[in-house]
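Please go over the structures that come below.
Okay, so chain A shows up in both of these, paired with chain B first and chain C after.
Then we have the complex of A and B:
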């Protein structure tokens, strides 16, 4: 029974997890540690001159008002997007599990935006916002659409949110659909027999049993919206006048365009810590609310 | 049980093998391209990155032709895609798989040239051009093409509306320009001008005129930047800054996108320019491929004129356009001896051989930076730029602005297009330079 010894266990572990672990260490762990090291240097991105500068980069980051502004903007964007994505996704899932006609076709339809890459999606919507909507607005005299939404900071922000919701709600819908389908029929039936109305069944039976779906959806939407870059690049490119530059784009430009690699890397680490803290707290709290059927 | 175990071992081994093979084959590729030159001259493969996207097709055809002429093993072209050439090269250098040749913007030659560029001072073409970039004693780059920027005009459209012959030389001040615009408006051309909203156009092309035209030299421009940072000069009240912005205001006024300047669409402007809906567009001769796509009247005439300003008639700004060799090719010193030699031969061929000259001017439609290339361009904007070079009415563009200048100042300019607040613009510019003045010398 070699499986029982420590060596045997290690052997078994390596046999199955080893290859994946090598890959994970090579492309995630090592670059992460190396990146952490770079935050303590004054490296500009090219050449071999690297001097250790201690915490100077972090001090620069804390003095860089534009970074914190962009992080705050990202936070606002995340909050609004996550709430809207999940509300839309939940309603869609609710409707599409209630036994309406063509629900499979509609599920596929709502999921499709998620299959289009963020870059392409951004270009499509850029066209819609700058060319199509203004023409409709001017022809029909709707003031809201007369100007391109992407040329004003406020409307550009909301345009960005709308496209994000459009992109992710189909995906989250699928997870909620699985949640709805996974609720045992006997429980909802029992509740109905006990006199619950349709709303009460959803509120007191279905939703508590679907907490795992909420946890997953919130986790996915929080992390994805926090790290958004592709859509940001192709839809608004940070504009108009840098008013929609999200944290990831700010970090990228700091490292590569402004050629301050150490500072950019330090900002990336801070972004990582913020996202990790929020996502983990949310998952931990969500897990505590889970109930067994 | 036994079978399962064997199977799992096999599976794990297979996965591990593919993983290693994956890494291995990459290494193999790098070595192949890195060492191929050492085996003999017939085995040299040249590679290049950063070709202007407008001339991909012509470049590929030329590459094939040249591979046969020079007996190369191959000639490959890499594209940077959505990335800037700067970050692309940064990664390539870090990974050690950089191309033999690289086509850069001038600012990148300063970024990478000192460390990576082969010295080209011994090449025979050096005497025929004024546009190579030298770093210290070394000639770091081969100038590929000259591009100029100013106000692009559609001569035919102007003449059709005004009924008079249009001579760009007759427009020597902002007053002349606005008078002509008013005439065009009266003649039925509702909005005679356009300004692109792209940050590179606003930040790197339009706004930098306010620095360059301080004294029209590159050294003077760098010195001026230092002066506005240390407070010797006040930027907000600077005469040149204000006269450039006065003209920008005129363009804003006659802008076809005046109601919503940031919704301007580059391709739409090109089409308006081509069909005569508008007559003026601040841009450069690289816009020709975009414009020509929409030109239906083959006899229509176009050209580039200076961004005229409300200054005295003898102000150089009213007669000269800004231009420089905007694409520069370097040879990486990390390439093997044989590759470097093949690359040098290639550059000499481009500059001196009839086929090379013809490629640049007749096929790719670019303005040659070499005096010994007397071929005629066929596209009107290049002809116009070439004319400015010949007439001595082109002053050298200042190209030392760091990579993020165009995003930051371009962003501030976008804001200006919308709100017209000149003080806010000036203070964000001074702010930018205060943080970044250490990047220029």
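Then we have the complex of A and C:
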């Protein structure tokens, strides 16, 4: 099947991988390298005139307190959301693998938010938080809901977390369901016969065997929540008073609103390095905890 | 005997409690959708006065729909979304399968380097590429406001995951003896691929179609940077624009949101099993 000559090899390779490589190189590799170059320039977004400025952009970034504040805020949002997403998803998956008749219907229902983009989900919830919940709060006299959650910095943060958990828990639930289904029945039965309670079976047999599912879900939820933009834009637009402006939105505005593309790209690279480091460390640690059945 | 009966009753009660809890939770999950749906059939005054009432004080009010349909130019945005999603998806799936095939079946240096680069690049988020992409395709090449540009960017950006997943599927699911037989029977390399290999990748293809269609149909950030002319807007773009323009016209907005969501929900009703299977196998394999 392999060609022997260099010309034959090249032709064979290009015949099959040519289009893929053109797209991949033009859209990922070149922009990535060019992006690194941009961080050393003062490009203002208009025309092609740029001056090399050395590490000036990186120095600006390190002195830009607002960026670090937004990165810290994002980190808090990611930690809270990821923990809640995975707890909710795991419990849903646990309940939905116990063999009830309606379980396929229920799984499909909890997954529904994932069919819809962040922009539309954000608008739907904006209506719920600003129009619906205050009416419920005033009618039933619940002070917590009387004011729109999106008008106060603290409640806006939690509103954002709630919508994120609502959105992704159904997705992660499906992965945990696959994990539960993949645990061999004879092992859990053997543990029950040996006198384990239901909780002990879950804790000492099922959960250790589901480490791969946890690794996948944590990786997916960390990378997605870290890079959140659409939902941020349509639900809170960073407000009130920039209290929910996450890192991705900060980078976007630095580049496209303030026209400081070099600084924006330097921040995008830093964001990328932080996310990649967290996601890969987490995956590496998780892989070491895997056990064989 | 009596013990097992008691155990049976207990288990049944537990089962019913579980079911009730889950259904209450599902209703809570669906509450936002339900709110938007009922309020899309009301006049603005009724929405503001009581968003919880099931129907308008003057009965069902349908006028929001035709008005929103017209002002957000729904058919045009729908067609833009449809074309961009379908064409991007087809070229991603086709060319990724071909590339993965040559990566698996040859030991060429180019194959190994290319596959390694694609794997490594999968961790790069779109946000790290958006500024240089706008600079290259906008300022240097002047290709913004063109559906083909967006399709090409989707194509390049979607390649990594698709090649990675086909790579695994070919390695584990396509017996090399079949290809050798086809070559002996006089098929050339393309015929072998399209008649023997590609049909065997059906399951992976449907997984990728699901993942890519959900991503492409709902994508906002990349299209918003490439397409700024209203005639080219996809559904998420025109929804966003519409929301900004009619902020206070709640009834219209509710109708617009319902119309944006409906196509995907209809698809979900018919292809639910495939969509869920696709999402699960996509996540587990990557």
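Criterion: the second predicted complex is superposed on the first by the 270 of 293 C-alpha atoms of A that agree within 3 Å, B and C clash if a C-alpha of one lies under 4 Å from a C-alpha of the other, contacts with A are read in each partner's own complex, and residues count from 1 in each chain.
Note that contacts are C-beta pairs under 8 Å (C-beta built on N, C-alpha and C of every residue); 3 or more make two chains touch, one makes a residue touch a chain.
In this text, all values refer to a predicted model and were calculated from it rather than measured experimentally.
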item	value
When chain B and chain C are modelled together on chain A, clash or fit	clash
First, second, both or neither for A:23, with chain B first and chain C second	both
Which of chain B and chain C A:274 touches, first, second, both or neither	neither
First (chain B), second (chain C), both or neither touched by A:15	both
Partner chain in contact with A:118 - chain B first, chain C second, else both or neither	second
Touching partner for A:211 - first (chain B), second (chain C), both, neither	neither
Touching partner for A:131 - first (chain B), second (chain C), both, neither	both
More chain A residues in contact [chain B versus chain C]	C
Touched partner set for A:253, first chain B, second chain C, both or neither	first
First, second, both or neither for A:229, with chain B first and chain C second	second
First (chain B), second (chain C), both or neither touched by A:242	first
Clash-bearing segment of chain C relative to chain B, given 44-52, 224-232, 260-268 or 278-286	224-232
Chain A positions touched by chain B in one structure and by chain C in the second	15-16, 19-20, 23, 45-47, 119, 131, 233, 256
Footprint of chain B on chain A - complex, ascending	15-16, 18-20, 22-23, 45-47, 119, 130-131, 134, 147-148, 150-152, 233, 237-242, 253, 256-259
Complex contacts: residues of chain A adjacent to chain C	1-2, 9-10, 12-13, 15-17, 19-21, 23-32, 34-35, 38, 43, 45-48, 92, 95-96, 98, 100, 102, 106-120, 123-125, 127-128, 131-132, 135-136, 166, 170-171, 174-175, 177-178, 216, 220, 223, 227, 229-230, 233-234, 248, 251-252, 255-256, 261, 264-265, 268-269, 271-272, 275-276, 279-280
Residues of chain C defined as touching chain A within the complex	15, 18-19, 21-23, 25-26, 29-33, 35-36, 39, 47-48, 50-52, 91, 95-96, 98-99, 101-103, 105-108, 110-111, 114, 117-118, 121, 123-136, 139-140, 152-153, 155-157, 159-160, 163, 176, 179-180, 183, 189-190, 193, 214, 217-221, 225, 236, 239-240, 243, 250, 253-254, 257, 260-261, 264-265, 268, 272, 275-276, 279-280, 283-284, 286
Touching residues (chain side chain B, partner chain A) in the complex	8-9, 12, 15-16, 19, 82, 84, 86-87, 89-90, 93, 111-112, 115, 197, 199, 259-263, 265, 402-404, 407-408, 411-412, 414-415, 418, 436, 439
